[in-house]
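Once you scroll down, you'll see the structures, which are given as structure tokens.
The two complexes that follow have chain A in common; it is paired with chain B in the first and with chain C in the second.
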Partner chain A sequence: MEADSRLVLPLAALFTAFFVAPLVVLLLLSLHGDIAMQGWTLGNYVKFFSDPFSYSILIDTLLLGVKATLVCLLFGYPVAWLCASAGARWQSVLVFLVILPILTSVVVRTFSWIVILGRQGLLNQIVTGLGLSNEPLRLLYTEVGVVMVLAQVQMPLMVLPILTVLSKLDPNLGDASRVLGAGEWRTFFRITLPLSLPGIIAGCILTYAASITAFVTQTLIGGARLIYMPLNIYQQAVGANNWPFAAALSIIFMITVMIVVGVLGAIGRRSEIHGRA
Partner chain B sequence: MTASRSHRVRLDAITHRFGASTAVRDINLDIAGGELVALLGPSGCGKSTLLRIISGFIRQSEGRVLFDDSIADALSPAERGVGIVFQNYALFPHMSVGENVAYGLQAHKWSRERIAKRVAEMLDLVHMGEFAGRKPRELSGGQQQRVALARCLAIDPKVLLLDEPFGALDKNLRLDMQIEVKRLQRQSGITTILVTHDQEEALSMADRIAVMSRGRIEQISTPTGIYDTPQTLFVNEFVGTTNVLRGEFIDGSAVQLEHGVVLPVSPDKIFQQGHAVVVSIRPEQLRFQPAPSDGVFTAIITTVLPLGAQVVYDVALTGGPSLKVAEPRDAEGELREVGATVYLAPASPAACHVFPAS
Partner chain C sequence: MAGRRRIRWEALSLKLVFGLLAAIALLFLVLPTAVVLLTSLTSSQSLRFPPPGFSLRWYVALLDADQMQRAGLNSLIVAFWTTLLSSICGTAAALAIARSRSPLMRAADLLFMSPLLLPALSFGFAALIFINRLGLSPSVPLLVLGHGIVCVPFVLRTTLASLSQLDASLLEASESLGADRLTTFRRITLPLIGPGIGAGAFLAFMASFDNVPVSLFLADERTEMLPIHLWQQIETNLDVRTAAASGAIVIATLILMLLAERFAGLTRQMH
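Then we have the complex of A and B:
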């Protein structure tokens, strides 16, 4: 028993030093009134919730995460399904393609998207070249563009958990369903989809958390006029030099994200209990 | 009721290849309505492949599958209307027992009231009525199997396919479930194919047994036919235990064994004089003799295994291999002792099965 608890010490120390301590500092910082950092006050929190502009940024950010996650799920699930049903050799090729984005730097990935999405970019050249539109589409510096790029960049986080669950599914279940008279659609919606819910939830939590905090992607693709929480915090801290307010924003952002993830996680645990054989 | 529900199933020259390897080869099987046929064979001999062909998951490379004289080859598994119980039962883990049984009926677009009635009826049939609300993981192995049976019988399948259904059960439960399945099968009169590599299971449950080896059917016969008159050495050795002795055919009625004894035989098939053969004699077909004479083995007992109702002796032939001998044990009868010299002969020439040596 004693040996067990001592083994935990290094990890606990690491956590305290690099996770708990900064959080405490952040919390204390957010309770200072102004830039001079004197006195204690909830002023920063009051300021946030009484300023429609501030909390509309929070809402936009949370919604951005929802959109990116949904797009990611829409494309990611079929990819995961394809990987799971491919033969062993194709599966490794497909999985490699899926995780490829992780292997390149986020800055490189984002800049290549700028090349693709820009007015003179690849996508617009194709669209105008095919005569689908006379005007180049506005994609860069729009939310549509941000959602597209986030969905692509976070794709592995969605695909891998779903793939894990799908490849562990007993293939006899699908066969049992078909032999009982169910077609492919019924088999998918009544058997495969419900049983892959734990993977979907896990993938959604990961992509959601990654999307709303993706500072580089949001800023480079969204430009200066689309402001989300990470950029907002950055501007308050570095631009306006208002560290206490930036700290308060961080705390608020963190707590809302924790609530969203917590709710998703609870749903996930329930579906896991249902799904277990 | 029995006759109208029983469907005839025919496999006509079925061959199936996976790439370059042939999994099943030229299978012909005609199963009468209401019959229970066991596919018996060692691992990898193609039993499951054949079952998957019948259910429509695999399209055979050659040959035809017929249900009641109509060709089923173009039909999907959903359209064929077969019922399968998988080795691991494959119950839907996220659905209750009742929902599992209702699943196929919903797929067949039954009305809600009819489904509820049918589910209750099927669960009663397998004595699982009070478990309708449970999840599969809250059931024991035997109970899960009952649910799997109810689920596939609910849609009134043309034929019931059982792929090693008792493999996951312990011995006592297995016997119970074998009796139960046999009862259900008799009661419903449903044509059934049972895949197994357990010879006792095949012998006790099946009307007929098809013994398979390396993708082929070696013999199709009744359980007693398979046991008493095996047509190949493989069947003889796979079903039950036997003693195999090498020798040479002398004439129509005797074999010269390698270690000296000349054994009278009465084979179905006459071999050329001097043809190398093997003679197979089952342990219970060997009898102890009071004294040595022609066609009698002389041996020394090496092991005594009192197995309840019978005693099995391992004996070493002088100058030859060892044999197994089974003798019924009478209540007061003394066991023979290790080291004793004994004399043995087959019960009759017909008890010696002669096969060509491979």
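Then we have the complex of A and C:
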């Protein structure tokens, strides 16, 4: 082995001992009935797939990710577009504002959203003050609230990959399209959007994975009645002390995340090849 | 003329729609930070917004909040060791991965990045089961290892990005002038990829300081971590001291971000 390649060994050792090994133990535990790990069984998996309540939590979680990702894309793309068209100095300021939420402590961020979304919170004061609604809106402990907060919290993960692609885009392509008589919208939908697809997909992968696994945000904004997979795993592991079932839930959730990421990644690679052609 | 007007209107409408969406998004991005800062400066006992008056009394009250201070110190210590661990291991691995085309290295890269996508809560739980099977119980060193796993991807990503922009001819020039590998690394490579490592270390520090899902399983009973302490405060008795602690964290984050921007070009490293 060359000297350079050996530099990977410390991290490889750390990951083997403290990442791969725990996941293997997790998988093994999920195939047993109790923590003593005696006698193999598929019981935990059978229990999950035969209980509509269990798998409806998984489906709710996957749909939550889709909603949060779409909202993120709708608002994140224009932000990336604005950053890309700004001068160097303004671009730094905008990127600074964009990464601010992801670096602010997640508990602090969520706390702030409770102040904003609560019954007498900022948003409800504005809504009732403007006479848009007589009753305060229920946002805290609802899915609408969770989607809003997730979209805000994960926005940087969507904006940054799109910005990377947009800032490498050849401006001549847009100019050529306009010179040939295409309007701005047509140029956007036929030229800019397709060429930025690799960035969009990279952004969607990161946002989606982060949204469905966002334990703190889901739990604090969603409350105890809106249950998604991370809270479900936590409740089974710590509340019900049913480690083997919690392990099975973890494995099912991880495999689902990997499948979604894999499919989106494959679409992304295809769009990149098309982009180059 | 009608055609030209149509094109001008189109250009305007696109800018208008995109500008409006971006403005809403930016407002929502900044809003929570502003709300935390203003709420923490309230003079009243309640978290009502906007505050009826301003004072620093809740920041003064933090000076007596022993439990919160201990939790903050624990989080700082764990974040420090995690940053050291992930910066050293992450940079070394990035050097190996960047210079290699072997499929084994690609697979290693994928493995090291996977904690960024997989549910951290599941990993924390798996790590707890694992150390339980080994007959160990949660402790600070094990917590640092767990944080290291979820924080390494940040260092790896920024360092790999800056290595990919490193001009290989500089390294060749250095070696042809007789410098050995270590000298070349110390005098050429390290100064050039330094900002990348710095930005990654900063992100790793913030991610560790803020981590809940891994700490929830790997912190022992005596070691309370700040985010978990604040979470419990929010869920049980939502008092204004929580807002002051949040305000203090926000201010510290902003200062660190400005320093990271000044010394590591943070915003340039992020995209």
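Here is the rule we use: the second predicted complex is superposed on the first by the 263 of 277 C-alpha atoms of A that agree within 3 Å, B and C clash if a C-alpha of one lies under 4 Å from a C-alpha of the other, contacts with A are read in each partner's own complex, and residues count from 1 in each chain.
Criterion: a contact is a pair of C-beta atoms (placed from the backbone, for glycine too) under 8 Å apart; a residue touches a chain by one contact, two chains touch by 3 or more.
None of the values given here were measured: they were computed from a predicted structure.
**Q** For the three-chain model obtained by superposing on chain A, do chain B and chain C clash or fit?
**A** Because the two structures are overlaid on the shared chain, the partners are seen to fit without clashing.
**Q** With the two structures laid over each other on chain A, which partner does A:I59 touch: chain B (first), chain C (second), both, or neither?
**A** neither
**Q** Between the C-alpha centres of chain B and chain C, what angle is subtended at chain A's, in steps of 10°?
**A** 80
**Q** State whether A:V79 touches chain B only (first), chain C only (second), both chains, or neither.
**A** The answer is second: A:V79 touches chain C but not chain B.
**Q** Would you sort A:I126 into first (chain B), second (chain C), both or neither based on which partner it touches?
**A** neither
**Q** I'd like to know which partner A:L42 touches here: chain B for first, chain C for second, both or neither.
**A** neither
**Q** Tell me the contact category for A:A240 with respect to chain B and chain C: first, second, both or neither.
**A** neither
**Q** Once chain A of both complexes is superposed, is A:N172 in touch with chain B (first), chain C (second), both, or neither?
**A** first
**Q** By the touch definition at the top of the document, which applies to A:L195: first (chain B), second (chain C), both, or neither?
**A** Touch partner of A:L195: chain B, not chain C.
**Q** Per the contact definition in the header, classify A:I255: touching chain B only (first), chain C only (second), both, or neither.
**A** neither
**Q** Which partner, chain B or chain C, touches the larger number of chain A residues?
**A** On the superposition, C touches more of the residues of chain A.
**Q** Is A:S112 touching anything from chain B or chain C once the two structures are fitted on A? First, second, both or neither.
**A** second
**Q** Rounded to the nearest angstrom, what is the minimum C-alpha distance from chain B to chain C in the superposition?
**A** Between chain B and chain C, the minimum C-alpha distance equals 5 Å.
**Q** Which residues of chain A are in contact with chain B in one complex and with chain C in the other?
**A** Common to the two interfaces on chain A: residues 178, 183.
**Q** Under the definition above, what is the set of chain C residues touching chain A in their complex?
**A** Residue list for chain C touching chain A: 6-7, 10-11, 13-14, 17-19, 21-22, 24-26, 28-33, 35-36, 39, 47-50, 85, 88-90, 92-93, 95-97, 99-100, 102, 105, 108, 111-112, 115-123, 125-127, 129-130, 133, 145-146, 148-149, 152, 181, 203, 206, 209-210, 212-213, 216, 227, 230-231, 234-235, 238, 242-243, 246, 249-250, 253-254, 257, 261, 266-268, 270-271.
**Q** Hey, which residues of chain A end up touching chain C in the complex?
**A** Contact set of chain A toward chain C: 3-8, 10-12, 14-15, 18-23, 25-26, 29, 74-79, 81-82, 91-92, 94-101, 103-116, 120-122, 125, 152, 155-156, 160-161, 163-164, 167, 178, 183-185, 188, 205-206, 209, 212-213, 215-216, 220, 229-230, 233-234, 237, 243, 246-247, 250, 253-254, 257-258, 261.
**Q** Write out the stretch or stretches of chain B touching chain A in their complex.
**A** Against chain A, the touching part of chain B is residues 55-57, 76-78, 80-84, 86, 88, 90, 92-94, 103-104, 107-108, 136-137, 151-152, 155.
**Q** Using the touch definition up top, name the residues of chain A that touch chain B in the complex.
**A** Of all residues in chain A, those touching chain B are 170, 172-173, 175-183, 186, 190-191, 194-195, 274-277.
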